[in-house]
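I have a structure I would like to understand better, so I am pasting it below and will then ask my questions one at a time.
Letters A, B, C and D name the chains as they come in the text, with residue numbers starting at 1 for each one.
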Amino acid sequence: MSKLIMNRRGLLKSGAAVGAGVALPTIFTASSAAAYTNEPTGGAVTLGFNVPQTGPYADEGADELRAYMLAVKHLNGEGDGGMMNTFSSKALQGNGILGKKVEYVTGDTQTKSDAARASAQSMIQKDGAVMITGGSSSGVAIAVQGLCQEAGIIFMAGLTHSNDTTGKDKKANGFRHFFNGYMSGAALAPVLADMYGTDRAAYHLTADYTWGWTQQESIQAATEAKGWSTVANVLTPLTATDFSSYVAPVLNSGADVLVLNHYGGNMVNSLTSAVQFGLRDKMVNGKNFEIVVPLYSRLMARGAGENVKGIFGSTNWHWSLQDEGSKAFVKSFGEEYGFPPSQAAHTTYCQTLLYADACERAGTFNPCGVGEALEGFDFDGLGNGPTHYRAEDHQCFKDVLVVRGKENPTSEFDLLEVVQVTPRAQVEYAVDHPMFAGGALGACNPGS
Amino acid sequence: MKLMNDRTLLIIFAAFVLAAPLIFAPTGAAYPDLLQRFAIYGIFAIGFNILFGLTGYLSFGHAAFLGVGSYASVWMFKLLTMNIIPALILAVVMAGLFSLIIGYVSLRRSGIYFSILTLAFAQMSYNLAYSVLTPLTNGETGLQLRLDDPRYLDGASVEGTLPSTNLFGLEMKEVFWNPNILGYDLQFNYGYYVCAVLLIASFYIAMRIFRSPFGLMLRAVKTNQNRLRYTGINTRPYTLTAFVISGMFAGLAGGLLATMDPLAGAERMQWTVGGEVVLMVVLGGMGTLIGPILGAVFIKYFENIFSKINEGVLHSWFAIMPEWLDNTLVAIVSPFVGKGWHLTLGALFMIVVIFLPGGLVDGAKRIGGWITGANRRKAKAEAE
Amino acid sequence: MDAILLQLLNGLDKGSAYALIALGLTLIFGTLGVVNFAHGALFMIGAFIAVSFSKLMEISKITIDPDKVDFLGNPAKIKTPYVIEWFGNFGHWLVEWSVPVSVLLAIPIMILIGIIMERGLIKHFYNRPHADQILVTFGLAIVLQETIKLFFGANPIPQSSPDLLKGSVDFGVLVGFAENTIIYPLWRLVYFCFSAVLIASVFAFLRFTTFGMVVRAGMEDRETVGLLGINIDRRFTIMFGVAAAVAGTAGVMYTPINPPNYHMGMDFLVLSFVVVVVGGMGSLRGAIAAGFLLGIMESFASMPLIKDAIAAIGLPSIDQIIIYLVAVVVLLVRPRGLMGKAGVMEE
Amino acid sequence: MGILEVQNVNKHFGGLHALNNVNLDVEQGSVHALIGPNGAGKSTFLNCLIGKLKPDTGSVKFNGEPVLGKAPHEINQLGVSRVFQTPEIFGELSVFENVMIPCLAHRDGAFKINAFSMVMKDKEIRQKAEDILEDMGMKDKMNLHSGSLSRGDKRRLEMAMCLVQEPKLLLLDEPTAGMARADTNNTIDLLKHIGETRGITKVIIEHDMHVVFSLATTISVLAQGAIIAEGLPEDIKGHPKVREAYLGEAEV
């Protein structure tokens, strides 16, 4: 720990302000003179890590922040280099980005779009951040993405699963590595059909807001294509904490599968209720009743405890993967912090590396140049197999994991087992797919 | 008794507000977005104080009007023009109408019953805005400008880019002067000055209301509503007017938020935001002119600056100390800053309520009284 | 029919949770005249007593198992809780029954916390305006929940009920319906019974003990009782402790229903205030009635049938706003809530 | 025709017949005292007059205009002011502000948005308020916080607040309740002074016979919700029914 602190201190020393100033001084330069917003002029470049530090997603935000700090270390040539060694692009030298030392500022999104934008604004206007990344919900991601577009800053989305982030709300300055609701559906449906048969009747409980709707739509379409029927889709209030009154009627509805389109605290509570009601012990239509949670997060799954056992879902990445990239990352992260990284940590680490690499390849921090370097970029070695950053909507296409709650976990981190790695080809879709239609990428904005 | 007359107070206040980008520079808060937020939440708090500070009616529902103002102005930007004037006008009008309806119903009750009614309305607005009203509010994501918005009054904009909000061509986000004074990089932008002018105007209006017969009646409502009725005053229209005025201030603040940053999110309607303005007013000093603005600045400063102090920043502060001391200090301080800023704010808030019922203004007065008192004692001692 | 019965059952169950919190809130308001926004935090602290106790039970002796490896490839550590090592079967029993056992632990701890809160803070606010009371207890609630977050993190921490009380019972079969029509989780039934017993004992305590009689008289008219030479203040302090214990044990028992997290108190707080106000400030019976009323209304509003019917007349997602809608209607029709007294909290 | 005419007013509270066919006729310029033992219904009656309670049946006319069903502020605007048993003032405001509020209510009516004029620069209101405080002998206290006044001063202030409205009818609900003898005498002098200078019609509810017989021109006696006697003070003093109603109260 002491070594780490020394490093971190050394890293920050150059920009330290002691005395009345509360935070780092700005390296903001006269905006009229710069070619683009916050062009770094000194020997350092500042990245903005905007994650939830208060509110229900604070633990995920903390894990993202750990990954960011690890990525900064690796970029600056400290530590073991992590996935930089397995990354297919070799542009990164371990000497910062474009020879400039990487510094960072952090902020609290509070998982509120307003607070997230205020925090991002302060990073842009006060701290001179040239890239913003992070977030743990789609509402926040889309809000901050919009802000970055207007300010002329690159936004590397963190944990955001809504189709809209790279669908109708896509922006030229925004990029998403994480997968989305459509991909979850496309990856899950075949596995579900294999495991549970093709003549299933599904009952959906759906969080009543944009993410829930797109998620539900995706899963319904994908499962119906496999022959399932949909008995009902009941919307549940965002603020609900007790789902018993929604779960209670399920068993008598003729459905034999319950799909919980919930995330975070909602997911934990609805899954707990569903298991409490004994749904999984029942037989309906001559079949065993099953529960599906389309989007899994290991951190949140811990909150549901033993209730996740045997329940299918999808995830972007899992630490038990055995490819070289994943192993390198888990080792690096595990040695630094003492426990394996979450998928939120993985995606944010990747995004930081991808951004830095794009800057190197483009030879500039100019958002337009960086964007160009990222668009259509093919890479490998970051834990998800061969991956493609699509130019038309700035969405990454890669393999998706179908996971199941483990029956006999060996440790508190060992909650999920990977059932199948759904190949990329199976989850790809056209840019103008109706679930993603309605937005325009626009032109890249370099700011002032 | 009075330290200064109203005109002097107004002039000092205006000078302070106009020079804020310079004054706040040493505190790390002198960047446009935060300064704008200071001013906007100042307006929100000033308006809320007209209701809560004068009449004593504690509303938890004013966030709803903030949200309505934001939605109204973003719709103006989407449909009509990027000029901020129509957007702000519609924001104030819509918030006024909304508060008229909610106020009319809620003011049939008083005390905590009134508080819970306003809270219920705010929560209903929030829940609906987040989900059911998504076509109108864009739900979770918040209402944003889009490339395909019609904007009937504005001509075609540059292909593929969103236009900026402006006041007859002056772009809100444009920094028009960027000097370096005393080693600080200062940013003067149009957006802040629009907010500043409106803040000064709001302050002036509040001051006039405080000194007017209308304001006197509102204060009378707070101290003895019963007596007021038997004095021939119909209290309901007075409280309703105060409610609507404060709602319109909230609408203006909401409109300004959307003007400085064209996004309207449902979270703005949540009761916790309504609770935040209560905190601002109480923290600053309820029923005082300057208190609500102090409270707003205090809380927003906390939210935006304190929350950004991470362990790295702390280490840089204590870098000159020996390592063991550095680590100890960081370990002690870090739970209270960065991700722990809520904890510190809650504790400070308790301290203020317990020891300074009159808020920061009260505290300043006490310190002032203590200093002058000490001087007097000193003078007396010398005389003897 | 069966669907309605099921939701009625569900409503009673939800209502019992609301009623329990509202009961404590009303006890404090009725006796001390203080509006306690930190009451939700007491509920949350109760839940975290259960969490702490089970963590305590899980403190383990670590042995190295050379045959297995952890995620980094190092030899795996095997954990054996000390209680099991020391007490064998009784240790197993303790781990499994940690939630009900925590109730016993929570009662003295919560009473103590309640008394400290009253003596240390609330006492100084008796003569301050209600707004000040709301604000200081609100600040306290933030401090308490952030402190819990500091130690336990933001994510929910699951607690399991004893194996004996896991799973569900098929009620429908007992009363002659088809299989699988009315099933209900056992632990929720336990919670309902627990609430009923707790509510009944608070009422019995107030009605049949001398202590309770003095407190009730004090709720009616504080000054008169003071004149009788009875130290009503001390009794009120104890009452605060009792209210805290009610909230805390309610929190402990709630943990297997939904995994506790640091903000569960705030989630319940707004709701329980609505309950108290709908019931009428200061009325214990009102609080109970309103708790059950709102629980049942909420359950009915979440039925797909009713949601669709109301959406058809232009009010989609009625379940989002039902609680608040009921509150608005009740307050407009009955100015002081269902059973409120005149002149209470109206200034 | 009297300034205040009350006809056949009845009021029930559950099974209690609180007011039983009460009739009252108050002459212009008179001081009409309403006396009766505890629980006779005096306060209920007064509350019916000012709009706080609505009687079950009967009519109340002020200057020939029916006032039943009107809100308290409307009745006040007709020219009826009231002094409460415990002084009701605006405790958080200064004495001067306390007096200005009724001035404004008198001039501007029940509701006027007057948000941009300065109350302290309103010469007319200031003058009136100062005059009445002068008249009441409270001018030296006009900048004090009214909540800190003595009880006697609070009563005086409340009286000033009523008088500054130039009411046609002043209702006084036990104006000397709980006062020491000296204060009571002061209040009597004050009321006499008002009577001499302003000639306002007054209805006084009073327990203290000393006050009643010092001031009243007419007395009505209320017992168990009904008027049992009415007449000049001298007549009432010896009235057998009154003695019966007041049995045990030595003062009569």
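Assume a residue touches a chain if its C-beta (ideal position, glycine included) is under 8 Å from a C-beta of that chain, and two chains touch if they have at least 3 such contacts.
Remember, predicted model here, so these are calculated numbers, not experimental data.
K.L.:
Taking each chain's centre as the mean of its Cα atoms, which chain lies farthest from chain A?
P.N.:
So the chain farthest away from chain A turns out to be D.
K.L.:
If you average all the Cα positions, which chain's own average lands nearest?
P.N.:
So the chain sitting closest to the middle is B.
K.L.:
Quick check: how many Å separate the C-alpha centres of chain A and chain D?
P.N.:
Roughly 74 Å separates the two chain centres.
K.L.:
Please tell me the distance, in whole Å, between the geometric centres of chain C and chain D computed from their C-alpha atoms.
P.N.:
Computed value for the inter-centroid distance: 52 Å.
K.L.:
Could you please state the distance in Å, as a whole number, between where the Cα atoms of chain A are centred and where those of chain C are centred?
P.N.:
Using C-alpha averages as centres, the distance is 35 Å.
K.L.:
What positions in chain B touch 2 or more of the other chains?
P.N.:
Those would be 123, 127, 131-132, 342.
K.L.:
Chain D: which residues touch two or more other chains?
P.N.:
Not one residue of chain D touches more than one other chain, so the list is empty.
K.L.:
Residue numbers in chain C touching 2 or more other chains?
P.N.:
Residues 317, 320.
K.L.:
State which pairs of chains touch, listing all of them.
P.N.:
Touching chain pairs, listed by label, are A-B, A-C, B-C, B-D.
K.L.:
Help me check something: in the complex, which residues belonging to chain A touch chain B?
P.N.:
Per the stated touch rule, the residues are 2, 5-6, 8-9, 11-13, 15-18, 20-24, 26, 28-32, 53-54, 58, 61-62, 65, 104-108, 112-115, 117-119, 121-122, 125-126, 137-139, 142-143, 146-147, 149-151, 162, 164, 169, 172, 208-211, 235, 237-239, 439-443, 445.
K.L.:
Within their complex, state which residues of chain D touch chain B.
P.N.:
50, 71-74, 76-77, 81-82, 84, 88-93, 97, 100-102, 104-106, 108-120, 122, 125, 161, 165
K.L.:
Per the contact definition, I'd like the list of chain B residues that touch chain D in the complex.
P.N.:
Answer in residue numbers: 208-209, 211-217, 219-220, 222-224, 226-235, 237-238, 241.
K.L.:
Within the complex, which stretch of chain C touches chain B?
P.N.:
35, 121, 124, 128, 130-132, 134-136, 138-143, 146-147, 150, 270, 273-274, 277, 281, 316-317, 320-321, 323-325, 327-328, 331-332, 335-337, 345-347
K.L.:
Note which residues of chain B are touching chain C in the complex, please.
P.N.:
Chain B reaches chain C through residues 56, 58, 105, 108-113, 116-117, 119-121, 123-124, 127-128, 131-132, 271, 275, 278-279, 282, 335, 340, 342-343, 345-347, 349-350, 353-354, 357.
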